[in-house]
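Below are two complexes that have chain A in common, paired first with chain B and then with chain C.
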Partner chain A sequence: MASFSKMIPQQALVIRDGEKKELPADQLVVGDVVEIKGGDKIPADIRLIFAQGCKVDNSSLTGESEPQSRSCDFTHENPLETRNIAFYSTTCVEGTATGIVINTGDRTIIGRIASLTSGVGNEKTPIAIEIEHFVYLVAGVAVSIGVLFFIISVSMRYKILDSIIFLIGIIVANVPEGLLATVTVSLSLTAKRMAKKNCLVKNLEAVETLGSTSIICSDKTGTLTQNRMTVAHLWFDNQIYSADTSEDQTTQPFDQSSPSWTALSKIVTLCNRAEFRPGQENLPIMKRVVVGDASETALLKFAEVILGDVMNIRAQKKKVAEIPFNSTNKFQLSIHETDDPNDKRFLLVMKGAPERILERCSTIMINGKEEPLDSEKAEAFQTAYMELGGMGERVLGFCHLYLPENEFPDTYLFDTDSMNFPTSNLCFVGLLSMIDPPRSTVPDAVSKCRSAGIKVIMVTGDHPITAKAIAKSVGIISATSETVEDIAKRLNIPVEQVNRREATAAVVNGMELKDMSSQQLDEILCNHSEIVFARTSPQQKLIIVEGCQRQGAVVAVTGDGVNDSPALKKADIGIAMGIAGSDAAKNAADMVLLDDNFASIVTGVEEGRLIFDNLKKTIAYTLTKNIAELCPFLIYIITSIPLPIGTITILFIDLGTDIIPSVALAYEKAESDIMNRRPRNKRKDRLVNEQLAVYSYLQIGIMQSVGAFVTYFTVYAEQGFLPSTLLGVRVNWENNAINDFEDSYGQEWTKYQRTYLQWTGYTAFFVSITIQQVADLIIRKTRRNSIFQQGLFRNKVVWVGIFSQIGIALILTYGLGHVTALNFTPLRFQYWFVAVPFAILIWVYDEVRKLFIRRYPGSWWDKNMYY
Partner chain B sequence: MSKETKKPFRQSMTEWRQFIYNPNSGEFLGRTAKSWGLILLFYLVFYGFLAALFTFTMWVMLQTLSNDIPKYRDRISSPGLMISPKPDTALEFYFNKSDAQSYAEYVATLRKFLESYDDSKQSQNINCTPGRIFDQNDVAVKKACRFNLSELGQCSGKEDKTFGYSKGTPCVLVKVNRIIGLKPEGEPRIHCTPKEAGMVEINYFPPEGLIDLMYFPYYGKSLHAHYLQPLVAVQLAINSNSTKEEIAIECKILGSPNLKNEDDRDKFLGRIAFKVQMIE
Partner chain C sequence: MATLNEKKTCSERMENFRRFVWNPETKLFMGRTLINWVWISLYYLAFYVVMSGLFALSIYCLMRTVNPYEPDYQDQLKSPGVTLRPDVYGDRGLQIYYNVSDNKTWEGLVTTLQTFLTAYTPAAQHLNINCTSDTYFFQDAFDGPNKTKLSCKFTSDMLQNCSGITDPTFGFPEGNPCFIIKMNRVSTSSREACSLLYKQGDEPRLLEVDYYPVNGTFNLHYFPYYGKKSQPSYSNPLVAVKFLNITRNVEHRIVCKVIGAGITFDNVHDPYEGKVEFKFKIED
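Our next item is the complex of A and B:
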């Protein structure tokens, strides 16, 4: 809320009791008459009763970038559109006005947005839900096994106290102690990785949310486009040429040999008031800062790229008169001397709205020759104009006239007020059209989203035609798909008769959206795969987001304005623009794109999916050894053998050897199919699903237990206790008073000697689990691909994990083997290798599993074995 | 974002019922009968394989072991001491010398313990040379040395059927744990000391509590079937003024440098402590 508070204007000029007073804005009441002038912030929502040349900058509220003029006239039903209301927190750019306060504080439009933003609750992220689900699952398994064995042990006549200790032991063995650390570490790692790619993640869990995103509602300006007008097409000599619109153009490839182009380039260069800021000669042209409006900047840079030093050319052809662009004339005109010393004629150049320019022309230049402008040529112009306009581009017409030397000698004084020079019967030269072109990375990013099953919806305040053109050029509307209107046009039937189901694409106007019920909106969102919302008021963004969420989608929203903040907050993941974004938007968002680049979102999606996958792998890894920790306990209770592994030892696995490897899985690279599968269905595709639990618990876990038990029995057998002797010995074994316990060979053991042997057993069991966890770690690197496809050594951290695992085990066994309290003993070296065949078996078995999954997709094996 | 709406109880019950048995799809616990059959078959094969593998590896491991001596004996390098009779409650003897019932269990235990030392059971045992280690490494059939019960003197149970319990001079047999291949050095003997002097007088059978070296080494249950470990009987003559008092006694193995009796952690390694309380 701090960013909202900062917007509060300090003072307001109020007329009360017939006197003008300066009051703090928060003391205004409804009905106060306030005066504002250029530069003031509007102190409340006011209705204007007097305005003189007043313009307000509503960009923070509505996203409209150009200042809006304000008058006392009621022009629209919608308060946001009518001219006679100025809004709290916007700025008066020029002029003066007087108005009556109609709303203050929270009741103002911006206040409502603010309270909407704070009102939209922070809901649980998908990953939080998944982890909660996982916790329930593990708790369920732990408690039910615990209770089951409590009942078994009670019925086997163990003491109640012992049974309770067993119960606690079983639950402890089941708790994945290291998981919390792993989740946090993987999230932070990814956040760090994303920060490198210019995505700032504010809310760690949001990273994963992005991965499960199924709909992206993207803003157009600045996110999909470069936010910079660029010349896209030219029309001269009856032909349309395309220009390069990429971010770093250095040349223009179209045919520049025609004399008409020479003429056109002169007009483009001369009839232009924009200038480069000085001192930028070393910068690439596209990066230079220009003083001037967007179109003129585009023309200036265009000319600079093709012709070189424009400022020099202008200096050579001295300007003698100029009429700047205004909205009544809709043209701009200037008169120049020529740089040819033999040619004393003046050159009049003009540019403006194409139809206005054409009206003033009587001839048209074709291949450098002036030809009369007959109806055929006028029609060619119309066709070209329509075509360029249809591509959503802003079109400008250019014409010129060499003033006859006899009428206009070089001493002639031009007067722009009386216009003592011809402004009609000019020679039409050509058209230039400009657009804010898409970023070059966007089409690729959009197609990546497509193949990843993510629907990209464009939501823009722009004109439908421009929006559609950009949507088509970036692939949001694919080349083959049609809207209802397109089909109607093609079949030449009224729009109403078109079967709406046939159209895959839809362009929805904000005005239509306003009259739609939520069912109608749902219908559009369901039936069309490619949707563009144009002319949307920012408030409608929220409606669209809610509509998408009603479909069960996980929605990502990009936005920059204050007005977007409710939608950003409402979205499952709000993404604010780092450069163009307002503070309020950044506050409401979960993620900030520092370079405003849509392609970063795709990276984010990939990272998010990767996190989910890697968490799955980590959990699978962690769960596996729980069985190897639990089984000894169960066997101990049932068959009364000496306890194979102690609680302290279990903790050393969970919090010692296993921590670094499970974190290492967070560094695992994505599997090849990560961006080719559909987003996960948050209701069905759980983090920990049945297959994962079953495969880890009942297959790999059991294999590990078998391997560890072989080691355990080997240790006891080689010390004199054959497996047959061990069964049922628990009570005597643990009896402190029995100090002549006989082994299979007739030797007698004291209690302490037995206990020490039992610790050796713990150590052996521990070492076996560790060795097999190495295999478990390796197999968990992939879920579908072979380890050899993934690269055994690509993830170096996994190897750090493996070495740390073995290192910690070595330290515990040999370094701390003499510390009685830890229950470790120095182990004979060969016992480290007893479980190795089982580790290899685990690896081979998992490779076979993955092979069948890849070979037979959709088969019984795939359904039951793929987690 | 999923709106967490609480499902009404009845609905969730229905869902559970659907999960347990879904009549429409014939699913029981989320799987059809065929699916259950397949999965059970899979696990049958899988666990069958694992069980076979386990059995096989265990068999291979057991093949590497000798029947006669364990592969490693490093965990029991030095023997522990144990007494007989061994009271159930933490090595504490309580009895009334005039009440036969109070020590009947001790007497019965001793009698049972000494059964295997009966002359009739020792017919195959040979008389060995006292004072020397009886090394039989080269002999295939290991002989056991005779241990004459008479060596236990008054504690042999021959003269006094109550092992002295009725006279206030109870006998406790101290034995050294069997350890394969153990060869004590020096002249090992058992020596017991009461915690407080003057309460009890201690007699040893054989005299001085000597353990004869001829009973070592032990060759293991299978090779050395008739082996009898040497015993030392400790007769406690409790002073008449010390009756009703608890007498703590510690017995140690002395005189042999390779038999430990001072281990910090193992209170039974070469020593044993017990308590005796007698009332009249």
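Our next item is the complex of A and C:
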């Protein structure tokens, strides 16, 4: 956990024995009094006993991007919520504080996260489980057939040594030697493809895991949202206007004709300390770097978009005095000259917490006119404030006052300490509310996940109201669904009386979660399809992930903060954000979204499902020819014909001709509806199911064997041994002492001549399997659709596979046909075509199978023939 | 199917397996209902019947297309193999060792030769005709009985001293043994197969031998061979070699090559193609 150790602060200022000492942070003990100031890293978990304007950046811990103010007041039961605790490894942004060390090292909050992260073991990935299952299956088949035929051959009076050789031959024929290569290549191909789409896959097998994901637990900040405060709504002239919150806004569409807006825009522009870093004029406004806090940045950019060059406007209206925002005043104030040379008045502008601003106002601006602030108008303000606040937005109030010229002439000296200017009886102008808006691609991605049967759960450290608002806007909570609280509010009954089953959505607070048993959590996860967890701690994220896994779900977790890393590790697949993500999160994750775009997850899911489908096709392809390699041995043992195919030849199929085609299937495009079906059930939908094995082994495999045997008998017959002569010849055939072995035509063969014919038989058998594997490759392109629906030429790599397959076979037979050790012979060319009718039969049979599957879904045929 | 990824005790696994074999609640036998088993079995039965039919049909077509008289190709039989009688194979090919004074060591060899020559008695050869011409015996028509072709007679008396008639022990006890060289039948209508026996030893000096028939030739009128169906009574012509004055207690390595048009003996992989190699040793 190198990234955790990087976070350790070097030095701490400690008061020991009445003296201030600089000590390495690792020498701190509980009870030490430490002093911190702006810029310091907090050296341990400390409880503050003195604080002055102290703010800490907890983003590495909780993911909240805003600096949080700290004081000596105990404000909350939860240590993560309360004001008087500062955490190890966070940074003090401003102010000073003194505190008592309450936890050090591994016992600190961050230390516990670190130990959680390293404590969560690496689970087996679903694809690893599937491959293991496949290995068991193949090994079972190989060993049982091998042992069966060992017994048969022993009881047929074969020598024990021969029987053991048969046993080995059968097992070799059954082992899919090339599969490991194929799986690895498919996974890396997909990983490469995903890297192009900005998904960096750290753990290859994770690619498939994403495809079988049934629940995504997503962090809010930075993943679903842009991680940037943006003005979302405005309220002036008794009306709420919405602003554009997209990533690349260039204009704002709301009505800007009202004189109230002109006044409001002036306040927004002037009462703001944020500034663009110089030299960014060519960048889009939204991408420019700003010096200032998040809200001020939002306001600055908002003004820049609407009004143009804000810095110039500010320069024209010279600032003469300013009071920056502080937590006691809860307002920010500045006084400016006007740019109108005839107007010598000063303009006082103020912004701050709406209720505090309203207290200081006596009038309100409606359509550019100041009107007295009566209770009716105050009521309207309250309604608007509540509404905006209810949307989870941070609301700011704006007011101004033109200072009368006679009282405040040009030369008047403003003193911000004595406040020799009015700060009450101002004119209220409007409200602006800001939110960290969702990324524009997220709603679409969430709905795609929905249609793919994936449940998206939001897990955030943020406030429930904000979380719910964002969840609603991205579709995690759909427009029509209600939480228990919503129903209670609509029916006007207490929350307890609401039938919990009626609520499809749920917003669960971290505090509630703390008191829940795992059964209660299971109940929530089961009964609600739309869930938001707010105010959650890292430990709780872990509990949520475990809860989801208890349901049998494959869980993906997205996150960026250090606080997310245990959950990222625990998840079946952890997805970290590449830009916003902390190193710890990236370390713990299996995948990194380089562009922080949630929509990439959908691509990942699609690729993951595709890889599972394609692996299925590859395995089906590979298994088929095992039967065509196995049957010769069995027939050889039972009927004592000359051996139709040798072990070396089998290896040349498994590791030669078949490798590129099976990799080519990894390039196959999705069949259809890949994103419209439910994620696979990891307990039921196996990679290699009964149907796949049975269809490959007992149907297509048998067809291939028949085709290959026809070629074998053709070769022997045309060279002199008719099929009837071949039965039972094994012992004499293999006898070295018989050099005048008689064939069907009375010709006599030496041992070598027979052996050479046997190799020709191997080659013919090999060529037939290769030719039929071409048909097998084509039929495996789809499992349900017709080849013509899928497109015969869409996957070019399959054609590379076919040509390579035939090319390798040609090289082996004609190029290496004279190397006796390889047991290949230059085969007469016509024998290449003997198996072609069987290849066509395989293809036609499979088309018919697929046709019936499409025609009669759910039928006996569908159940038994669809793999 | 039981999930294999979870650790289970043996009894749990057995229980799961028992449940898989017969599940009384769902009435599933090995994962299927009985009627389902019947259906699937019927399907596979039909499938295999069709596949067997296709296989039979293919073999039937194959049998219809192959030539019944001569094989379509002789890719492996470009040059005929040559064999030796008696044929005793050791670890590295033919090895004929015997002791003159121990008749148990050579009686077996003599029996082999006698048995081998029973196919060449006049009685066995009565279907074949006497040929006198010294040229190829080409036959385009089926002149023999039952639409067959005629074959030339080769009787054991043509081997004279090695016929086993005058000397039933083939000279083994005397230390002058007879060996019979046989060229494999290879069906061909065009092969130019004039043949002549030739021997070569490891030692620089030539061994003293007698050939029967004289000169060690296969008479051309035994060729060509038209195949079993055309010439059911055909028997291979033979050449016998009688070794004279053989050094005792020394292993002799002999190569007999058949010299003739279209016969090659330089295949490094096949020691019996166009030639026969053997070792023999006579002990006192």
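In this text, the second predicted complex is superposed on the first by the 760 of 867 C-alpha atoms of A that agree within 3 Å, B and C clash if a C-alpha of one lies under 4 Å from a C-alpha of the other, contacts with A are read in each partner's own complex, and residues count from 1 in each chain.
One rule holds for everything that comes next: contacts are C-beta pairs under 8 Å (C-beta built on N, C-alpha and C of every residue); 3 or more make two chains touch, one makes a residue touch a chain.
Computed from a predicted structure; not experimentally measured.
Novice: Between chain B and chain C, whom does A:E748 touch in the aligned arrangement: first, second, both, or neither?
Specialist: both
Novice: Is A:D572 in contact with chain B, with chain C, with both, or with neither (first, second, both, neither)?
Specialist: First partner only.
Novice: Just chain B (first), just chain C (second), both, or neither: which does A:Q549 touch?
Specialist: first
Novice: In the overlay, answer first, second, both or neither for which of chain B and chain C A:E132 touches.
Specialist: It touches chain C, and chain B stays clear.
Novice: Once the structures are superposed on A, label A:R683 by its partner contacts, choosing first (chain B), second (chain C), both or neither.
Specialist: A:R683 sits against chain B and chain C alike.
Novice: State whether A:V800 touches chain B only (first), chain C only (second), both chains, or neither.
Specialist: neither
Novice: Would you please give the residues of chain A that touch chain B in one complex and also touch chain C in the other complex?
Specialist: In the superposed arrangement, which is not itself an observed complex, chain A uses residues 124, 129, 683, 698-699, 702-703, 706, 709-710, 713-714, 717-720, 722-723, 736-737, 739-740, 742-753, 756-757, 760, 820, 828, 841, 860, 864 for both chain B and chain C.
Novice: What residues of chain B sit close enough to touch chain A in their complex?
Specialist: The contact residues of chain B facing chain A are 1-2, 4, 38-39, 42-43, 46-47, 50, 53-54, 57-58, 61-62, 65, 68-73, 75-76, 79-82, 86, 88, 90-91, 175, 177-180, 218, 220-222, 224, 227, 263, 265-269, 272.
Novice: Could you list, by residue number, the parts of chain C that touch chain A in their complex?
Specialist: Touch list, chain C to chain A: 1, 3-5, 31, 36, 39-40, 43-44, 47-48, 51, 54-55, 58-59, 62-63, 66, 69-77, 80-81, 83, 87, 89, 182, 184-187, 225, 227-229, 231, 234, 267, 269-273.
Novice: Which of the residues in chain A end up touching chain B in this complex?
Specialist: 123-124, 126, 129, 549, 554, 572, 682-683, 698-699, 702-703, 706, 709-710, 713-714, 717-720, 722-723, 736-737, 739-740, 742-753, 756-757, 760, 820, 828, 837, 841, 860, 864
Novice: Which residues of chain A touch chain C once you look at their complex with the stated criterion?
Specialist: Chain A reaches chain C through residues 124, 129, 132-133, 136, 683, 686, 690, 698-699, 702-703, 706, 709-710, 713-714, 717-720, 722-723, 736-737, 739-740, 742-754, 756-757, 760, 820, 828, 841, 860, 864.
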